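Structures are listed in the sections that come next.
Each of the next two complexes has chain A plus one other chain: chain B in the first, chain C in the second.
Coming up: the complex of A and B.
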């Protein structure tokens, strides 16, 4: 086997295994097998003896045994254990590559690894790896075929892979293009290939369905939760509403309307949230990363939601749920009204306040807002009061036992984070009889100036206040804005993130809708091209008519016909061009002439075999003569590549021997 | 030469002593999916060659002794009434084998000859409007005796044309003949031969042979030889297009046999006399061997592409 073939086989095994390992799903206990495999291939490339059949067989059986234990008792996930098994088998196989077709098993295993990895990850990098892999894979398959054919022909050196590079590139490109065509045209499957999703959701995404005030510290996690394109792009701060919480038990907020979920009306893939249609709306195209929650985040006052789903639900607090969402990446488009819309319902639950708190807060708040008439102004005053007099802090000391966290924040600690501010404001409003609720979600985010979209991260999780004033819910945010202004991240990061968005949007969560749109786009494009072609033909014929109006018709046709013939001739010349054999034949003819001069019966009808025999007769060295004739024949009639320098050198040696 | 072919060749050489060319060309004919005509006096090993070739390739073997009263159904097979099934049942004849030795083919009547030759060409036989495929690989090795003129029906030219190659075995060299005298009958020895290659492998090789590259200049060279046979003053009828095709195929097999994946002028020069010898008709009545010499003479005048 040629060295290149071995090295490539090792590379393929390595790329498959590394890809699988980088998904992070495998047990690190199996990593040593990777190093064992690398060692095996180093041995192979150095032409060390391969493992005996007995040892290989025994270890294969052991590997299978480990696999069954792994699959049924330890990992209990057949896909992961197949990944483990592939590492083990790669390691065993690396010591057992004897026949030229043995590497095919390696390629198959690597392919299997990529298939398994495709279930574990949807990263863009993986797509790039796949393309690289296809490249390598096709290359070695062609190589394997050449080696096999050469063996069958009994050739001592493998066939030269002529034009391999071009056909390789062509094959890879056509593979990618064909896959893209299939990707666009094949019907979408709703579920993954394996039924069970291995992609893990972001746990604890800075957002939860309850809000506990007693916890101590808030962590700032920069991982991305969602990316939003706004149309039109309006200035922030933006609020991505998740869930409204209404019930406070003294320590914890919760949503008591969670059981009031109702299925939303739909029209195709569009879910309608309101009967009135508003003209002024903001469209939000949201790509939500896998979050372990079935709540959708969107701007206030949604009018409609476009999403590929069986159904959507909404509870009385206005929270939107996608049932059975699980840890999936989802893509949806929301239209929200800019104008205030009258709400039809109000619930007394929004005035709930623990009695002890009411006692403490009512006099305090009434003292603050005395003299202010409207509810709206009162709320605004409380908002700015909290903003001005309290300090934002991520670390909060635990309140002493018996003291509730809100009073502790308001009267003693006087610092806290958004949850404290929001809770305090809602309870203060309720104490003076204004219905209010805490809203959790995300706020702010970073604008990516390249793709013109907003990146929302876990650390942008936020909570704020909604108050029922004049028959509609108004938003208040008592939390002072953060002190540190975020600097624009490096351009490279923005480009990468933009690429990621497109990848996630158009490859990973490619939907039936996208499919339809692309096919329709192609249709209109071809129609447009048709029109353009027709128009240009008409224009061109007119122009030609005008141009040749003075020229005699036969001359015109003569020019056209001769140019066609010239074009065809030039095509023929370029197509028939082959590697030149002039030089190849030159030395052979010179050898023939030399022998003839010595008086040997060399004629025009003498073949290479005659030349060889007479050459031996005249005392030429057999080895050189044989090699010379062999190279000549294979280059001349087999059209093989040759080392011209070596050929020339052989001729010189023969000439010298001739004397 | 690749390993299995090398082994096959040396096995045959160990049976038929001193006839290296004959064993080589029979293997070449097999690789080229052709049929072989051996013309020689009795007792020089024609049957031995055919039997040994079949045995060494673990192909099935049948021998048909052609006599003047042989009927086509004796070769192809007949429909026999089966009283249990109340239906006719096909009983395949001896032609249903990988390698068939048609011994003394010119002793039978033209009707039977043509039945055999049709099967050779089509690689299938028809009985009562039903067609039966012959096994693959399929090769007929026919023999005819040049000296026995009594009671023979010489093969017409159109039927000779179906044989790819025509060989003569000839008397052994003195040294080998002495050895052969001691050895006596070969059949027990052949019976004990262990196969060195299988029929599937032969079919694979046959597939590769038909893919072997032929340079344009080689085609031109072959064509010039063919044209020269048609112009020669001693030849009444030159080589047919089918003869040219078979020659090219034989040259490919010869190239493969020598471990190459392309044809050289030497391949053509080697096989052409054996492929063309029985295809041309001379103006004076002579043996085929003379025709072979004329072809050699023609080739020696055609310039070889360089």
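Coming up: the complex of A and C.
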């Protein structure tokens, strides 16, 4: 086996194994097998003896045994166990590559690893590895072909695959292009069959379906939660509403309307949230990472949601639910109204407040808003009061036992984060009889100027307030916003994130609807081309009509026919310029005629040698005659290229010599 | 077009990935599936295109003898095309008279390559070349194979194996003896026989006799020899083949020694002659000679005049009648 073949085999095994390891789903206990595999390939490349059949066989049986224990007792996940097994088998195989066909097992194993990894990850790195795999696989398969041919030829040393650089590049490009075509056109089921995804959602997301004010610290996790394209792009801050929380038990907020979920009406893939359609709307194209939640994030006042889902549900608090937790990346388009739309009447639950808190908060809040007339102004004042008089802090101390966290925040600690601010405002509003609720979701985000979209991260998780004022839910955000200002990240990061967005949107989240859109696009393009052609023909015919108006019809046809004849003639002239058999023979036949005219016994059957001999007899110059005959013979029978000009010149000279 | 064992494995793996993709709806799995399908499709397409527009010509550079390694020239040409043909494997079917094995790494568009290879024909005979060569390729991978039998013009004639006949013929011929070049002393005038050199027709005697008469020289008569080869119903094909090989070797040896050799079988008479060209005439006949079933085996009695060697298949042969006049008799079973 050529050294390069061994190196490539090792690289393929390594790329498959690393892809699997990078997903982070494998048990690190199995990582040493990777190093063992590398050691095995180093030995192979150095032509060290391979493992004995007995040891290899025994190791394989042990590997299988471990696999079953792993699958049924330890991980209890067959896919993870297959990943573990592939690492073990790669390591074993690296000591057992003896025959040129042995590496084939390695390639299929690496392929299996890629398949397993595809279930664990959606990272763009996977795409890069696929391209690397294509390159390595094609290269190694070309080498395998040469090795196979060498075996068929019975050669002891394999044929060298020389000068294959261009072929390799061409093959890789062709494979990538063809793969793209296949990827776009392969039929897809709308929801898959019974397979369940192994991709785990983002754990510890900033967003939570319950809000516990007793927890001490807020983490600033930069992981991307979603990417949003806004059409039109409006100025921030943007709020991505998740869940509304109405019930406060003194420590925790929760949603008591969960059980009121109802399935939304749909029109195809579009779920309708309102019957009134408004012209002034904002379209949000959202790519939501797999988060550990079944809640959909969107702007206030949604009108419709376009999503590939079996159903969507909404509860009385306006929270939108997916049928199950988002194990995959979700792509959806939401239209939200800019105008305030009339809402259903509020529920008395939105005035719920623990009695002890009411006692403390009512006089405090009433004191604050005394003299303010409208509910809206009261709410705005409280919002401003909290912003100005309380300090934003990610770290807060836990309240002493028996003290509720809101009172502790308002009267003792006077510092906290969004949850404290939102809770305090909602309870203050409720204390003075204004229905309110806490809303959790994401706010802000970073605009990627390269792709003109918003990157929302876990650290953008936020809580704010909605108050029922003038028959509408109005949003208030009492949390000071100074800390949210951020400097623009490096351009390279923005480019990479833009690529990630495209990767996620057009590869990971590619759907049947995208296929339909492409088909429709092709159809439209074809129709447009047709129209352009038809229009051009009509325009051209009109122009011709205008040009020939007044010209007699026979004259017009005369011009057309003359043009055709001239065209054909010019074609013939071009054709004649090429030396044909006829032309090659033409001057030779003329020479024969000349000699015959001189009385020499030249017949049709005379050979070229006869012509040469008789030509000499008639006094033609030997050198030129010989060259003439040679050119004729090599062009006529040897199919060699003829210098027609020189050939003609020779004939002219011979003719002149003949007198 | 054929899918190889490795190709079937890849196809199976691709099908499984296809099922898994449908089941999970995982686009990354679809991506792997697309790559696999592309590789399979490219393999099929390139393997097919790789053999398009290739022509082959065969030209033997030496006379081909059964069992003897000789050289042949193979000329590969490709028509004008966009792509070169790569990794071409040339072979012959397992049955047949000759085994050819060659490999061409690259054949550029509108280009040609000449290769000289050694071949060892297995047995004598005439080989029609059309469809006799298999042009095979699996390029670029190992998943598919395509083979064609290109159109070839002409035939290859494989002469019988020439063997060492010293043991049998030592007393009769002497290897390395200079060919006869002596004076042509007049001995007698006789009737013209088919195969006689027309340059020696005696025109005066011919005019008198009213039929062609020929001048015969003394040395020439001694150097003329007729080989009667019996191809009438040989009892065993194996010994028949051996006798053919012996006849070819004998003819070669006699001509080499300067004899004028005439070769007569039940089917054909090759007149007296000497030199390589004459030997080729005999070998041409022996290359394709087959057992005769014709009872007549019409050989004129007069042909037995002069020196002759008789190669018989059995005593039941009609040629047995030349036994008396033959200098030497060889039975196929004893050769």
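Couple of notes before you dig in:
Going forward, the second predicted complex is superposed on the first by the 510 of 659 C-alpha atoms of A that agree within 3 Å, B and C clash if a C-alpha of one lies under 4 Å from a C-alpha of the other, contacts with A are read in each partner's own complex, and residues count from 1 in each chain.
Everything below uses one rule, namely that contacts are C-beta pairs under 8 Å (C-beta built on N, C-alpha and C of every residue); 3 or more make two chains touch, one makes a residue touch a chain.
Remember, it's a predicted structure, so these values are computed and weren't measured experimentally.
Looking at the superposition, the partner that touches the larger set of chain A residues, chain B or chain C, turns out to be C.
Of the two partner chains placed around the shared chain by superposition, chain C is the only one that A:186 touches, whereas chain B remains out of contact. When the shared chain is aligned, no partner comes close enough to touch A:93: not chain B, not chain C. Judged by the touch definition given at the top, the superposed model places A:609 against chain B, while chain C stays out of reach. Contacts of A:588 after superposition on the shared chain: chain B is touched, whereas chain C is not.
Touch criterion met: A:108 reaches chain C, while chain B stays clear of it. Of the two partner chains placed by the overlay, chain B and chain C both lie in contact with A:149.
Legend: residue contacts after superposition of the two complexes on their common chain; A:126 is shown touching chain C, with no touch to chain B. Counting contacts as defined above, chain A residues 149, 152-154, 159 meet chain B in one complex and chain C in the other. Considering their complex, residues 1-3, 5, 204-205, 208, 213, 215, 217-218, 256, 259-266, 269, 299-304, 306 of chain B touch chain A.
Contact residues on chain A toward chain C in their complex (touch as defined above): 104, 108, 111, 114-115, 118-119, 121-122, 126-127, 130, 133-134, 137-138, 141-142, 144-146, 148-149, 152-154, 159, 162-163, 167, 171, 174-175, 178-183, 186, 188-189, 191-197, 507-510. For chain A in complex with chain B, the residues that touch the partner chain are 149, 151-156, 159, 585, 588-589, 592, 603-609, 633-634, 636-640. Those residues of chain C whose C-beta lies close enough to touch chain A in the complex are 6, 9, 13, 17, 20-39, 41-42, 46, 86-87, 89, 101, 103, 105-106, 138-143.
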